[in-house]
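Okay, handing you the structure first.
All chains are identified by letter, namely A, B, C, D and E, in their written order; residue positions are counted from 1 within each chain.
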Amino acid sequence: MQRIGVFICWCGSNIAATVDVERVSEAIKSEPGVVFSANYQYMCSENGQQLLRNAIKEYHLTGVVVGSCSPRMHEATFRKAAEAEGLNPYMVEIANIREHCSWIHKDREEATEKAIILVRTAIAKVKLNAPLTAGESPVTKRALVIGGGIAGIQAALDIAEAGFEVDIVEKNPTIGGRMAQLDKTFPTLDCAACILTPKMVDCAQSDKIDILTYSEVEDVKGFVGNFKVKIRRKARFVDETKCTGCKICMDNCPSKKGLNEFNMNLNNRPAIYIPFAQAIPNVAVIDPEQCLKLKSGKCGLCQKKCGVGAIDYTMTDKIIEREYGAIVVATGFRPINIDKFNEYGYSENKDVITSLELERLMNAAGPTNGVLLRPSDNTHPKVITFIQCVGSRDLTDCGKPYCSKICCMYTAKHAMLIREKYPDTEVHVFYIDVRCPGKNYDEFYRRACEQYGVDYIKGMVGKVYNQNGKLMVQGSNLIENEQVTIPSDLVVLATAIEPEPSVRKIATLLTASIDTNNFLTEAHPKLKPVESPTAGVYLAGVCQGPKDIPETVSQASACAAKVIGLLVKDSLKTNPCVAQSDESMCNGCSQCANVCAYGAITYIDKEFRLGGGKTETRRVAYVNPAVCQGCGACTVTCPSGAMDLKGFASKQIMSEVEEICRK
Amino acid sequence: MTDEVLIPKVGVVTDVRRDTPDVKTFRVVGTDGKKLFEHMPGQCAMVSIPGVGESMFSITSSPTNEDYMEFSIKKCGCVTEVIHSIEAGQQITVRGPYGRNFPVEGAFKGKDLLFIAGGIGLAPLRSVINYVRHFRKNYGKVIVVYGARSADDLVDIDEIKNEWSNEENFEVYLTIDRPQEGWNGHVGFVPSYVKEIGLDPNMTAVLCGPPIMIKFTLQGLLELGFNKTNVYTTLELRMKCGVGKCGRCNVGSKYVCKDGPVFRMDEIDELPDEY
Amino acid sequence: MQEVTEQKKEYVPTIVAFCCNWCSYAGADLAGSSRLTYPANVKIIRVPCSCRVNPMFVLKAFQRGADGVILCGCHPGDCHYVTGNYYTRRRMSLLFSFLNYMGIEKERTRVEWVSAAEGAKFSAVMNDFAKKINELGENKRLQDLRVKEERDE
Amino acid sequence: MNKVEELIVKRARELLSSKEVDKVIGWKKGEFYFDPSPAVFTSEEELKDFVYNGFCGANLSKYLVQELKKGGKIAVFLKPCDTYSFNELVKEHRVDKNAVKVIAIECQGKLDIEKIKEKGVSAVTETEENGEEVIVSSLYGSAKFRKEEVLLEKCLTCKSKKFAVADETIVVNEMKETANDRFSGVEELERMSEEERFAFWKGELSKCIRCNACRNVCPACTCVKCVFDNNASGMATKAPADTFEEQMFHIIRAYHVAGRCTDCGECSRVCPQHIPLHLLNRKFIKDINRLYGDFQAGEADEGKNPLIEYTEKDADPTAAVNGEVRHA
Amino acid sequence: MLKIKVQDLNKLFDAISEKEPLYMPLEKAGEANYGLYKTGEKTALDVLKTVKSAKDLFFPQSETIVKFKTEGKNITVEDIREEVKPFVLFGVKACDFKAFEVLDKVFLADPVDTYYQAKRNACTVVTFACRRPEESCFCKVFGIDAANPVGDVTIWKDDENLYWRENTEKGSKLTESVRYLFAEGGEKDVQNQQEETRKIIEKLPFSSLDLSYFENTEMMDIFNRPEWQKLSEACLACGTCTFVCPTCQCFDIREFKASNDQIIRYRCWDSCMYSDFTQMSHGNNRTTQMQRYRQRFMHKLVYYPENNGGLFSCVGCGRCVNKCPQKLNIVKVVKTLGGKKDD
């Protein structure tokens, strides 16, 4: 039978003024199992803790109940004290007689009665407590970053800086991501390439960073500290170690009609190509869908022309397997498909373009070498109309319900840049409202309006149609309360962004949850914004929610800090209050795994002895204690009660209920 | 109102002794300090801690003990786990005695007796062995063969070594399953040990232990020429009432609680194989 | 099923409140440190997440003579365990609707979302719930008479 | 022998003789025309006792759980409502669908012998279905009933005549969907006051003898150890020693199968006291449909049930109890 | 012989219940079961078979046997037995009445079960002759005459009258108290009814059931019959058959903690069909449903008769025939095993 010690804290007068602590101690004495009952002025003080420790020793206590302030305050304190005396820290329970009793009740009689019940309830629970030990699992000191955009790059650099090895897996042939496609960045208007490429080069040069481009995560097994990841290295048909990036192959390739993805398909590229000049790695890749040799077996020109013999048409996809302690997801975004937005005539009119296309049209390395020419006839547009919130804050099926956050700022940037470079251009912007919180953001927007004379029109655009070569933008001006039609030469749609669709597969592999808009869910929206609910998985950049570059970079660095904090440990202490399945009762129905937000539950086949020499193999649930966070969702889903939560076992909670109802 | 067998008496645990890592012996008297009731060797009683449940245990002390009775209990389930946690002074409830005892005043009289036990199986035999010791002249030669998994699992080893071994015309053979440091005695399983000792097949034998031990020991005895009508054992089944009414321990037309737990091997042969 | 008939005067109902550790229990703490009172017959049981509350606990409470059971958890979307309270919401919606279908007064069961910052809300919720339960009086429809008998002895 | 039975037996014979399956689960004739029992057939010889008539109401899907453990490939005959149970068992890994051949068979609703007896007809020797009429022949002559007078409760409000799964089908006559609304009974109760509902259930549940037939027949109740049998669960009960225990058993059982219950109606069919247990399960089904969108357990052999799913916009419990209808 | 008009029956019930508690078939929520009669209650005397048998009155499904109070290390035993006031059990059919004999041999055997005994002694049993037995009935097989049951009082009923015959002293006392409601006569009517009933019984399909196999075969031979496997295949392991059975008497002893220091120990019906019936902490002596199924019927047809002078623990009430969810029953067992005596 348990030997329980009960300690009632006065908390000065905080408790003692309303609760008759002496009476509580006295009343508890006769409870079965209680062998020691005392009260003291400040249990949390050095002396109070000593009182507890002495009693553990003297009375051979097997359980301790402290009636004091909230367990959220001092549970850890008393557990530590108990542990120091050799008692398992999980054999300590707190009865909250301050916040839940003395502070809220005025009647001394009533408060004392309640305190007795609360302490008795804690005794009932502690009687069913079992000693728990935190498990340990080793940590593989290597991180994986999925996605090689600015978020991934920043996270990788920070992690490498701390001395840990890190792999970047990027599905495209080069790292750089969306930022590499941008011309200038707000609110400072520096050139995106100028600030991004040095970081890309740093990655390439770091001996801690391994860049796996043209690769995709195929499979993830394991848990925090111990992930095993299979990575598909897609066949590049060019030996990365040999290629010097001389581009002779590109010049000689006869199949030049491939769409240039980097330039938003606004011009063409050969079948063998390097996406852009500063690509990292600066190595060519062959588009197998376009390459004549690979499709028909006839050609092979690039191989002949390659001075270093880097071309290998026989290359196949390879799966490599690596182990990591932590994973950063930084899969980024893409503009949504706006084909459905018939009112803007995007698919009919070449001169209706998206903002990202405009970035390329204004970029010196873009299809027009930085001269703003409209796609239909390569002439300078004189009137440019921007339409904001295309697909953002849109509750129809075509768009997204959320604000894409970056559009207001980049539209202001575009308008400003155009007005500066081509002052004779008339720029109109249709907006619902302009959202520019952030350092120097609103000032930036005001400059666009006030200094650069951009015409901001509050209102929605109803229709864009072509009339005699002019794009007629028909909209409402809510401030003037009138309908306006602006004949334009170029219409730029501030297109909503959405998570890169490949994130779905990755989320499934990582058992990271995804919201209805495909953004990855953070572990806590306020307090754990960079952690995913799956321990050891962190979120950086737009995959978690729309954000701009500075925010992305800070989140990436925050991720890195979290990763470093994890990798610096040799082993992880796991929370012992985790779920556990009683295999003898589990029937493997899989309901529990379905509600586990952390993917902590897997199923194994286990053999059971039936008696009479017979055995039966049954599928049963197994909870990985390193992954389980201890919420208990699974315990209620389990109809047989095979799943229970240590520290908050069904029996314990029921005995608390019984004790409270004893009155 | 007339007495009701299902209503137990209150007993006080006056002493708790740890025999082996998972066996404890509890000494029980009534609230008046006297023995709760009289019994015969081999009989059982229902012991319970209200709120936890009742379980049937054999009474391990000899009826000749006038002051108290004892139960040796192995920890193997919910009830026994709680029973193992009690300390001296704790009250429990007891009802009994139940079942048929060993025929110490009948078939055993004047006979040479062979007791073979394995593990906790010594518990019910302790009662009869001590009874026989008490009325020593009524019986012939006594041989005890007792085995356990390890030396630590031998129940009542002190009594065996200090008292039994000193009796006249009384042999004790101990064995453990596997060699162990500090053990100089015999090593090996009970069934094979029995065959090595060289026993007289005219002895009356009593077997108690795990089913597998009983099965092979019986085989060995039969090979030695023992007759099933001279071999006894005790059965253990789930019981609730203890008086042949609740139906739980019914095997064939027998109720183990009432018609047993002591059975002769030839009687067992007539039962369906459901015990 | 039997309805308990006699009722004592000045009956003080028993209320069991399950609070999730991260929001509502902290909310209750805040109510305490803000000295926001609520009736003493509300007793709190700490659970890691509202999704730990098994319908069996609710029934157990009623069996043992509770007159009202309230579950408090983080606001949906704010669950410390991401999705826990979403499951709670479905489970308890169905369970409470079912209990009402069995004839149990619907006011006897409740779920409230109380964040760690909502000490005032916690106190208000408990005051209101206790008031409702007081008006309803003793739970006569879903309790174990054996328990009641022993208690009333 | 009716045509459907003929085809079923023929098919069973083929499957056994070709060794395509090792056993067939079907129904075996009893002492009377109206008491066939579920049975496992392993030889062609045994098939002579195979029967499929108006009294084969038993849902055979759950037998697969124990029979599959013994090994071998099994053919099972499932009526439309039984196919849903099968899917649910597959979904919960209780049955390996690859080891089973599901032969979905025609069902025109099954008859309730107790209802027929209540109408004063005993010693039934045969029944013949003729559209909406049933002709019951007995030792004492024959009687004609409207079908709805003598159908099993579960068949009166049949949810669907669709097969949720079928490797093959044996259907001779068109199966008509029943017009009856299966939730009308629940609605009727919902319209009552709390007091009236309480009185209704008090009357019904006080009849419960805790024989566990409802639980043991239920294809959703396949726990290795039921909480009510597990002394460690804190909820174990064996007999309704107190009225609370009747309530608790039925509340918890209904809750445990909520979202998984296919409404096969076996619980009501087997209750010796004719407690309308389906009204418990259907309340959950109705609430699920109302709050989370129409859901039919067992429609597919994979996917999540509504209690292990959620949306961010689900109704709050208070609103749900007060009759809120799901967000559009 | 006495008689009373059927329209005056409620007066009779009221008269009896005024004196002593009257238990009889009542209809509640559509089902007929024995219950305490109160004026205005819906009686169900004409229902051939109540769902639960009359054993409930002597051996209730759940019954407190003792209470304990604990205080620290101390235990107080509280004997809750009270004197059972005389009561009347009305309308017991011949089969159920015969079942009392079966139960008596268990509960009144030494040591006597005082809970059962007290109720049994306090009870005046009014048996009720069957008029229209149905196809599931086979009491004749056990030598029961459904048309002429015994008990303290026997009644018959036709469309006009209820006929009353006292058989014992207890019966006479009861008769005396309600005598004023009755008129003399009815012997002829009863005789006619009996003849008619017996004719029907002769024709019932199970009346020719032959139990000689079980009387004349070695226990182990019956036990080892391979047919048990097939017979038990469809068994759900529910307890319906045992709970509706008038002779099944297995029980469990359980405890209920009314509070931390108040423990109620009660017994309740249990079923040998349940998988945990013989479950011990270290094993189970009947692990398959076949074994459990066999146990039930072996007990009824072999073990019990062996201990009780050939009396079967079945009275042919046919409740299991009607109520088994999967239509398994003792008749199928008897026919399957008894049909091939040469095996």
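As a convention for this text, a contact is a pair of C-beta atoms (placed from the backbone, for glycine too) under 8 Å apart; a residue touches a chain by one contact, two chains touch by 3 or more.
Note that this is a predicted model, so its numbers are computed, not measured.
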Problem set entry | Chains touching both subunit B and subunit D | A, E
Exercise. Greatest Cα-centroid separation from subunit D: which chain?
Worked result: B
Seminar exercise, completed: Between A-D and C-E, more C-beta pairs in contact link A-D
Exercise. Rounded to the nearest whole Å, what is the centre-to-centre distance of subunit A and subunit C, using the mean of the C-alpha atoms as each centre?
Worked result: 35
Seminar exercise, completed: In whole angstrom, the CA-centroid distance of subunit B from subunit C equals 52
For this session: Find the geometric centre of each of subunit D and subunit E from their Cα atoms only, then give the gap between the two centres in Å, rounded to an integer.
Result: 30
Seminar exercise, completed: In subunit B, the residues touching two or more other chains are 53, 78, 90
Exercise. Can you list the residues of subunit A that touch 2 or more other chains?
Worked result: 595, 637, 650, 654, 658, 662
For this session: List, in ascending order, every residue of subunit E touching at least 2 other chains.
Result: 70, 252, 256-257, 259, 270
Exercise. Along subunit D, where are the residues that touch subunit C in the complex?
Worked result: 186, 189-190, 194-202, 205-206, 227, 233-235, 241-248, 251-252, 254-255, 258, 280, 283-284, 287-288, 291-292, 306-312, 314-318, 320-322
Exercise. Which residues of subunit E touch subunit B in their complex?
Worked result: 65-66, 68, 70, 73-77, 79, 81, 83, 106-107, 109, 111-115, 219-220, 223, 249-253, 255, 257, 263, 265, 267, 270, 272, 277-282, 285-286, 291, 295, 298-299, 302-304, 306-307
Problem set entry | subunit D contact footprint on subunit A (complex, rising order) | 515-516, 584-591, 594-595, 603, 616, 618-619, 637, 639-642, 650-651, 654
For this session: Would you mind writing out the residues of subunit C in touch with subunit A in their complex?
Result: 14, 16, 21, 25-26, 28-29, 31-33, 35-38, 40, 43-49, 51-57, 60-61, 64-66, 77-78, 80-84, 87, 91, 123, 147, 151
Problem set entry | Complex contacts: residues of subunit D adjacent to subunit E | 30-32, 35-40, 58, 63, 114, 117, 122-123, 203-204, 206-207, 209-213, 215-217, 229, 238-242, 266, 269-270, 272-275
